[in-house]
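To keep things simple, chains are lettered A, B, C and D as they appear, and every chain counts its residues starting from 1.
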């Protein structure tokens, strides 16, 4: 078999329909900065999919950029953003949030998720602290769906988070870098409409979900962030040829492509997980989406590496490695079946 | 005739060779964040074109982003960037440089250019001011080639700027958003090698010069900016699928495409300028590149607008408008010839 | 005669009443951060003097600190502050405003003052610019009373500025570092009540007007800046022993001391100006407050320097110097009389 | 007995010698911004006390200001500051460090202190992380002496921290807001000379240790931070009448006043701690300096509050409070003796 690279879910280009549409429209002329007809069509398709006809939809280039721009737009200088300690903004954005002037207020993660009760605690501690004006005010909550660990917030959990945020008057923001893999998961009960109803801002990930690049920031109530266009520009996040993003999201939101694009990724991840379990591997943590985290002896990893590229997640001890297998919209199920057969059996 | 849109030079997609290569490579797998083979090839081609084998080359997404990231990386907190008052960073980036904490120290523009003597003056005033520690230190110089007005620095002018910067120990940075149109201009005597020799950092524009998007930041001495990768990430300017940028610049720097891609734009702009002069128009300012700025009565503009889309530059008075006609690598010379015939004659 | 130092108006300590009160209260215990009885009394006295019973009054330590904190509190990230090109925030604060992320939008100065018509122009250009979202929005106006040149806004001028600010919905902020010298000037027709009525925020300068240090920021409508206490803390501008500031301003605002403390400074400055004119000197610019700016040949300056210390303002050419003579609340009129006699006569 | 307020150690004004000197020198003239003779003398006295003749010494106004300014000066944009999770910069500065663009990288506290082994771990994780360029680089270490819990680093512990910092090439910075109480403690074995030898920057606290306000930042190798004066100015931390700070530190560093000023505070704190233990109280944590933390039932606190003001530290549960008793240079030992007698006995 050919070696398959599963180190990440952004190893390939874009869904073929996107490439086709980019090629077809290439020599058409259109205005810049997202004011073109493709962006307009994409925005409308997204509004429909979210059942949110008034929403503002902005196309940004990447995830860290979207997070930094949205968070800076939502917070006052004296406010911080509550996040899981394992949240992407807390560990993998090279300090982009702090560069924007804001503290990431880390709370414990439970399988990558935060609990409404922990958000409540942070807000209550602040509210009851006699010297609270000397501390950072919790000004919003950041989650991701799926989380860094590939887990999913249930509708119940998301509703609880939304409720506590609204009780304390702070916005809830969801990073959907891998949202298509949540939407395609059998365990998922949170729809796009739920996100639009329960979050104050969220973004629909393109980069990892079939686009060359791009993330669609959705603001159900556009009055929440005045002058967001200028804020995007000021953060270096405004694409001149905005239509390149519009075309991609227009394709992704035509005929429910986005809702289905993650299916192969989920199926192949399920096969991998099932195989790992059957062959005696230890999953580092369980999740119902496209990432599989396995802890193996280094010698086993060496053997696996002949067949598949993986991403080193961490080294729990010098003899073991936790690695990630990320399937994607582009994964070939046949190759995963082949890989599953090759995976060595673990004897305990 | 069909109406032709000349409002900007980013109205179309990308050079067909780029679309072709994106399609061909679409399902190949490659690693992220610019570590792939396409980026490596593009970097090497750029190094060769610049005769600068040690240069660091980083691919960023857009111009404002590149400017904000480079400038923030080069300056200490107490330093500012010297720029023409008409410089893009001073007027059209929504305060991105200031968001990064730095003052834009505006000096007079002369046809969009700044003079070495003015840079010297700023540096000497600082050096001789007994209370200089209460003021902003000039920490670098920003220019663009071509300028906002489409004019070009001559090799002599660039050498003078470089000399004064090195005398005062501050880096010279050139924004090359439209660099291909400088390189294709008959009046140009500044090569890529000159830029690499005389500037400390510069960027080679892709967005306006044949790419879907992307700018290649070149740092001839890579030690000038330690940890630039982290700085890029922190500024939200790191593309996950870096290879999309690598592929584009690899195509642009294969067989001298970048050196030639601007030629039609220049020829068609020359035809426009010649026609305007012959028909009695007033050019707002002269330049040898792809942008043509004309001041006309509003009624004439209305007539022109039937045939061509333009960009409103400013209104010198309520009855007149200064508009820009921007040709590009994608402009059809036949359409420009047709437009030239249609342009109404001005009678004085 | 003893040599007199007139280089600045912060050469001495504090008004003797302040020192006395600091000594008397020294061993009393009080709570921190401005919550003490002295601050409360000072706040009430200032509210009374401004006829502004609802005003929030915060005591900060210095002028640059007050400006940076207030401006950062008032502006959104995409907004800038309109200021005279000669404004303190634009030239003498080492980039503190830009460090806070904001552009200083310089407009022409006329004897150090800005015109309502220029503010209107900036606001209208922004409002009418089709690409305004790519530019910095004027978000507030900064003035100082007196200005950097010692000149005064008349009530008419201040009213015009206030009117245009309110028309465009942006706050007007006045830096009153030397406000006592404005209030003591015979040419002044702007009272504290006028400032409270026409400005949205202003500060009453202590450092240069009789205090050891300290500036009182007055916000007539306290709802204008929510959480200003936290913003002050975050900017490192919150004094632990706030009572030290409260005591000082309480003394300054007892029995109209602040309204009268500048009188000697004005009288002595008038004597100096009169003497300079009679003896053939060239005043660099006229003003009715405590600073006198004179342009002299360097040899004359050398002679003057035997009797008086001055501050070098600028060198119009290598043979001449413009110097500042600053009188203050602490200036001894007898010494000024003596100096006036010693000043050499200029022969033309 | 009179009620005694022990809520904080900044309840009184300044040491009487300081008030005396401020009064005596009040009408002398001196130049601004720390260039005066008093500052020069204070700097020399501090250099002598630290046995560090080349050190740069800068006088800033307050602790948060000093921390924010020093940390911003030491870090590059992509670096963070390692601190105890209980560190003042992490919990009580309203996000001042993040406002400056930097992450506080919290590590576990052990009685308020951090361990060299934890610093090593953070540095090694960064060094060994294959995706470290996507994370925040540890760029310096922040400690305080005494800590927030009143505990002290031993010479051994400080040496270990210094060693690990130098191994990884990052500066060690000590916040000495209450340094006088460390120096006066019998358990202390870290001298000013040790701090100057083992730290790269530290500040000697004035506000809580006998001054009206002010902190002296000591940089043993002045080349470590170029242009620190401008950085101070830009952070709004430069006092115009710098001499007010110079006079205070000159007094504090004359005849070893600073080394002795904390003695009464220590003795009275020891008496309190001894009394609490004898009367059956539970000390929240042990420390050898001027702060005493006691956890009591709310009804007991109510009784105590008749005799002494305290600072509410936290509520471990609704029925109990942890409160702080802070003695200071100004504490009257007789009153503490009286209070000790009044404290109710706890019966378990």
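One rule holds in what follows: a contact is a pair of C-beta atoms (placed from the backbone, for glycine too) under 8 Å apart; a residue touches a chain by one contact, two chains touch by 3 or more.
If you're wondering where the values come from, they're calculated on a predicted model, not measured in any experiment.
*Asks:* Would you kindly say which chain has the C-alpha centre located farthest from the C-alpha centre of chain C?
*Replies:* Between chain C and every other chain, the largest centroid distance is to A.
*Asks:* Which pair, A-D or A-C, has more C-beta contacts?
*Replies:* When the contacts at A-D and A-C are counted, A-D has more.
*Asks:* Distance from the CA centroid of chain C to that of chain D, rounded to the nearest Å?
*Replies:* The answer is 33 Å.
*Asks:* Suppose each chain is reduced to the average of its Cα coordinates; what separation in Å results between chain A and chain C?
*Replies:* Here the centre of chain C sits 51 Å away from the centre of chain A.
*Asks:* Counting in whole Å, what is the centre-to-centre distance of chain A and chain D, each centre being its mean C-alpha position?
*Replies:* 42
*Asks:* Where in chain B do residues touch at least two different other chains?
*Replies:* 77-78, 93-95, 99, 101, 133-134, 230, 233-234
*Asks:* Which residues, counting only chain A, touch chain D once they are in their complex?
*Replies:* Interface residues on chain A, with respect to chain D: 77-78, 80, 91-95, 98-104, 130-131, 133-136, 312.
*Asks:* Okay, in this complex, where on chain D does chain C touch?
*Replies:* Counting only chain D, the residues touching chain C are 5, 7-8, 10-14, 16, 19, 22-23, 25-32, 61-69, 93-96, 99, 207-208, 212-213, 230-231, 233-241, 243-244, 330.
*Asks:* Across the complex, what residues on chain A touch chain C?
*Replies:* 72-73, 76-78, 101, 133-134, 137, 226-227, 229-231, 233-234
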